[in-house]
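Common to both upcoming complexes is chain A, partnered first by chain B, then by chain C.
Right after this comes the complex of A and B.
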C-alpha cells in the first residue's frame, strides 16, 4: 500500500477519464474485490487510486432501443430489485439474487464484477448467455471516445480484460431477448449464500417445436474466464432436444472446459458437476 | 377455580420460564465492551512473527532493522527471555522458539510498538534464516519406522537456582500421551457375538471460530503485580500457571475477564501469545495489548482433536451388545494441549453409551508438524459417538433388527452403574430414544426411504438417529471440581451475586441469577452478577465440562439458602413465628402455609441494617460435587450426574452433486430440569448448528502442515438459510443432586449431529461414509465409489 500517492474522487465521467489519461490508476468502485485483494497483496495499487463512486452518470438501468443498458456503477442490489432486469433478463436477476450477501450486494457493482474478471464472477455467466456487450470510454475534457466490445471478447483471462489503462468500463448493454426466450441458471456452491461458485451454468434460447433455437450456453469457474460453449450451442441448434442430443451437448460442453483443482473443488468434480447439472437444466428446459 | 393463596404465592416461580439473558440488550445493541474495545492509558500494541516453515532449524534471527522502526519499544526473541518456561499440558512448548520451529504457527519474535502499524512494519523487517527439517504431516507417518522425532531431546530451562533442569523429557517414539482402558474380556465378547463389524473412521480438523478473536492486555503495576485482561475460561487455574511461568507468587496476579466473544473450550489452555504479551509488558514497563487477526485466529488457535479411529464391535443373536474394541491415533500436532486428553471423554462413550459388557480402549496422541489440538465443546465425544452410532445402525441392520428397538434393548435404566464406574442416578436415555423416534416418525420414515434407493430420482431423503452420553454434573479432573459464591443483599433487597463461574456467552449469569431469585423470592432484575475478576470472585475450576449450571448453580443456591435462612430466623421472632413457618415470595416475607404477606423484604433489610444490633445479610457458600477422580485404571464416578440425548436428523441428498441439505433435527435431551427455557433452547439450537457445521461444512484444510483456508470465505460456517427446522423436547428427570433438578447441557447438543447425519445419508443412499465432513465433493465421491476410505496404518500396530 506504500506506493499509493494520489487519491482522486471525480464527480463526472470526463474528470474520471482525465485522471485515467494522466497515468496509471487503480479504479475503486464498490471495493468488495479490491479491498480484500489489496489486503492480501494479490493486487498492488497503482500510484493513483481513482474512486469513481461520485460519478452519478454511471448509475442506473435504462431500457432503450431494444436493449437494457446498465450503468457500470449500478449495484447488484439495485439490479436485483429492478423490474426491467427481473422481467427482461431473469437469468441475470437470478445470478444477482445468489450473489454473496446483502451487505456485499449493496456495495458491489456490475462494472466491478465484470472488470474483476474472476472465472467464477457471478454476473458473467448470465451476461454471456444474454449476449451482453460492454462500453468502454476514454478521453477527457476535450471529448469522450467510446468503443463497444462483446463481453466474450472483453474477458481475456483470470483477472485480465481487454480494458486499456486509459479506459473505463461505463456501461453494459443487453439486447432484450426475442419472445419465446427461455433461460436457466444454476450456481453450485456448498451453501445458498455467501459462496463462490464451484461451477455456474446458464442456458438460454428460443423454444420452438421441441428444440432450443439461437441457443447460448455459458459456463463459469471451469476455464480461465467465464466462457460460451459454442460447439455445444451448435449441437443444440441442430435438432430437437432428445436424450441423444442432450448427451452430445454434454460431451461438447465437456470438451470446452478446462477446470482446475483448488481449495473449493477438484477438476474431476467440476467436470462431473457440469455434466450432471447441464443434463438437469437441459431436461428441465424441454421436459420431453 | 380460583387459585389458592399458596398457589398464587408459587405462581411467581421462575423455574422453567423464558428469561431473556441479562447481557442480551447490551450485546444486541453493540454496547458490550469486549477486550477489543478496551484500551488502557499508555498501552502498546503487540504483534507476533510466526514461522514461515513447518519444521526447520532456526539458523539466525536478525531484529536490528525492526528495532530501529520509529514507535517500536521492544523486539524480543527467545534470546531476550532466557528465563521463559514451557506451557501446555505436558510442558513441551516454549512460548518463543529458540532453535527449532515445529509448525507453521510457531512464534519466533514479537514486537511492542505505539501503533499496530509500526509493530507490523517492524515484523516485516525481521530476517529469519531457516534450515528445513523433514516434516511429519500425518499421525500414521509419525508412528512409522524411521520417522523424525519432533521432541526427541530433553527440554531444559534454567530453574530457580539458575541451573538447567529438564522440564519435558525426550520423546523417543513421537507418542505424546497414551491411554489404555478395559473392562471384561473382549475376546470372550467376540466369541459370544453373532455379528461383528469393524471399521476405520477419520474425524477431521475444525476450529472454534469464536466471533471474538484471541487477545490479552498485560500490565504490571509499580510493585510488580500483574494484571491481565484475558478471555480465559479458567481464570483461577491460569492465575496459578502464569505465576509459575513468571516465578512469582500467584497472589500477585489478577485476572479480569471482559465479556468474552465465544469460548467453546478454546480458552482452557495458555497459548504462547499470552506469556509473550506479558514478556513485552515486563520489558517495556507499559501495558501491552495483543489481538489476533482473523487469519491468525485460524492459524494459531487450537483445533478440535483430529482422530483416526478403528472400532470393532459385536452383538449376540438377540441384539445385545457383546463388546467394543477401539484403537485411536490422535494427531496431537506439534505440541501437547488438551486435545491429547480427549480420551478421558471418548472412553466414557466407548465403555458406557449403551451397555457394553466387554470393552477395550486405546489411544496414542502423536506429534506431527500440524496445528495442535485443544479442547472444543464435546471434548472427543463427537468423534467417539460418530463411530459408536454408525455401528449401532450397522449391527441392527446386520441382525435384521429395527434400529430403534436395538438401541432400546441396549440402553441403560436409572440406577445402573457401568463397568467404568459411572453411576446413573437419573437417566432419561430410553425416554430420549422414544421421544425423538416418535416425534420424527423415525421407524416408518427409515423403512420408507429404502424404497427410493433405486427409483431414478437423483434427490434422496434419509433419516438417521444417534444418541449421546456426557457428563452433566461437572467432571472431577482437578483436585477440586467446586465453585464458590458470595451473596450480598442491600437495603432495597437488591442482590449482588458474586460467583466464581465465568460467563462465556452461555447464559450462566442469567441462570445463576434465576436460581438465587427463586430462593429469595425476588424478581430477576433485582440481581447484579459479578463474575469476572479474580480479586473479587471466589474460586472456581472454570468453564468446561458442561459444569457451570450444575456446580455454579448449586453453589449459588447454597449461598442464597443461607441468606434466606438468616432473613427468616431474624424475622420469625418479630412475627411471632418459627423460621419454618415463613417463606420468601414475591419480594415479601410470607407465611409459608397461606402465602399471606408479612413484610416486604427490602423494608425488613433496612430495619435490620439500621437497628441497634445492626446486621448485614451477606453469605458465602462453596459447593463441591460428590464425584470422584478416575483411578489409575480410568474407573470412577467422575461426574455428579450424566446427561443424555437422542437426535434424529432428516436429510436430502442430491446424488447429482453430493450436496446434503439438513432438513430437520428432532432432539430429545435429558436435561434434568429446564431452568431458563429461553436459555436452554438457545444453547441447544446453537449446539445443533455447531454439530451441523462439523458434519456438513466446516473443514480446516491442513496440507503438509499448512492451513489452506484460514478465512471465512473458504472455511464454511453454517449460515442462516442452512439451519434446519428443529423440534427439541426436554426430558425432565429431576436429578437428585442437580440445582432444582437440572443437569449440565452445554456440550450435549453438538455431540451426535454428525453421527445422526451419517446414518441419515446411509438411509437415503445406501452409502456409508466413514470420514467427515460430508461436504459435497466428498459425498459425491463416496456415492460414485471414487473416495479413499480411511485406512488404519499397517505399521502402527
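Right after this comes the complex of A and C.
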C-alpha cells in the first residue's frame, strides 16, 4: 500500500479544487470502492487523501432547464428515493434499486460510481442511454473553471477516465427525455443483491408508429467500458421494429461488443446473454 | 508510517476523541481503539454486512468506511443499539425465535433491522427480507431471523 502523508477535508468546492491543484491527491467520496481497491493494491494512494464528504454543495438532485442535475456526492440511496429520478429517469432508478445492498447504497455516490469506471458499473449503462454528461471542475479560490463532457467520452477504459488530475467530477446532467420516451433496463447476475453485473443492457427511445425513434442502446460488462452501440441504434432508426429488424439490431450489437471470459462468465455466455436479453427487451418495448 | 489524524465524533451518544492512521477503516478503529467488539469483521469488502453500523442514522459497512471520515458524525454500534428499548425488544425477539446460532452475523443484522423498521415501521415480510439483502447468515437459513424481525414489527395481539 502506497503511503498517505497528508489529509484534507475541505468544506467548499473551491478549497477542494485548491487541494487538487496543489499536487496529486486520491479523492475519497463514499469509499466503498476505494477501501477494498486500496487494500488489495489495485489502486495506489497519492500522497494526499482528499475527503470531499464535507463539500455540501456537491449533494442533491435538482431539476433545471429541462435537465435533472445530480450532485456528484449524491448517494445511490438518495437517488433511489428521489421522485425526480423515479419519474424522470426510470432506468437510472431501476439501476439504483438493484445496486449492491442497502448499506452500500447509503454510502456509495454517483460520482464515485462514474469515476471508478468499472465496465460493469451499475449506473453507467442507464446514464449512457439517458445521454448523460458530466461536469468537471478545476481551479480554486481565484475562480472555478468547468467543462462538460458526454459520459461516453469521459469513460476511456477499465478504471480510466478523461478526468485530469486537477479536476473533480462535480455533477451529472441528464436531459429530461421527450414525451413518448420509453426505456428498459436489465441487469443479469446470479443473485438479486450485491452482484456485479454479468452483463447489463439499457434501451431507450421515442415510440412512434411501430418505430423506436432517437433510439439509444447501452451495454455494460461486455467491453473495456460501458458502451453505446451506435450501429445498432442506426438500424433501429431505419424503420419499424419488426422481427427482421430485431435480428439486425442484435447482430449489430454483437459486432459492437468485446466480452472477456472471467470468473463471472465466459465470452460466449456473455454474447448469448446480450443476444437473448436484447431480443427480449426489443420485443417488450414494441410488441408487434 | 502513515499520517495520524485526530477525529472527534459521537459514539452511542457520547462524544469521543481518537487519533487514527489515514488508511484505517472505521471497523478497525471501533474494534481496536474503542473496544466495540460487537461489530464484526466478516469479509472486509461489503459483501456480508457483519460490520454494519449506523452513521448519521444510516447503516453502512464499517469495513468500507475510512475512520477519518467518522469525524463529526453520529455513530451507533450494536453496543449502543442493545441499550435502547427497541434494541432490547429486538434482542428478546431474536432469542425467542431461535434467530441466533453462531451469532457472528447477529449484530449486523440487528443494526440493519433497526434501519428497516425505522424507515418503515409497518414493513411487510417482503420489505424486511429486501432490507436485509446486504447481510449474510450461514447458519439459520434466515427464516427465524425474519420471523423475529416481523414479530417486532407486528407484535401479535396476545403480546407474546
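Couple of notes before you dig in:
The rule is short, and it goes like this: the second predicted complex is superposed on the first by the 286 of 288 C-alpha atoms of A that agree within 3 Å, B and C clash if a C-alpha of one lies under 4 Å from a C-alpha of the other, contacts with A are read in each partner's own complex, and residues count from 1 in each chain.
In this text, a residue touches a chain if its C-beta (ideal position, glycine included) is under 8 Å from a C-beta of that chain, and two chains touch if they have at least 3 such contacts.
Just so we're clear, the structure is a prediction, and the values are computed from it rather than from any experiment.
Once the two complexes are overlaid on the shared chain, A:196 sits against chain B while remaining clear of chain C. By the touch criterion stated above, A:280 is placed in contact with chain B alone, chain C being left untouched. By the touch criterion defined above, A:269 reaches chain B but does not reach chain C.
Looking at the shared chain after the overlay, A:56 reaches neither chain B nor chain C. Counted by residues of chain A touched, the larger count belongs to C, out of chain B and chain C. Residue contacts after overlaying the shared chain place A:141 against neither chain B nor chain C. Of the two partner chains placed by superposition, A:255 touches none, neither chain B nor chain C.
In the superposition on chain A, A:188 contacts chain B only, with no contact to chain C.
Of the two partner chains, chain C is the only one that A:106 touches; chain B does not reach it. Applying the stated touch rule to the two superposed structures, the overlap between the chain B and chain C interfaces on chain A comprises residues 192-194. Those residues of chain A whose C-beta lies close enough to touch chain C in the complex are 1, 3-7, 9, 28, 30-32, 34-36, 38-39, 45, 49, 51, 53, 77, 100-104, 106-107, 192-194. Residues 458, 656-657, 659, 697, 701, 708-709, 713-714, 716, 718-722, 775-777, 780-781, 784, 786 of chain B touch chain A in their complex. Taken together, the chain A residues at the contact with chain B in this complex read 188, 190-196, 198, 263-266, 268-269, 272-273, 276-277, 280. The residues of chain C lying in touch with chain A in their complex are 2-3, 5, 22-23, 25, 44-47, 49, 52, 58-61, 63-66, 68-69, 71, 112, 115-116, 131, 133-135.
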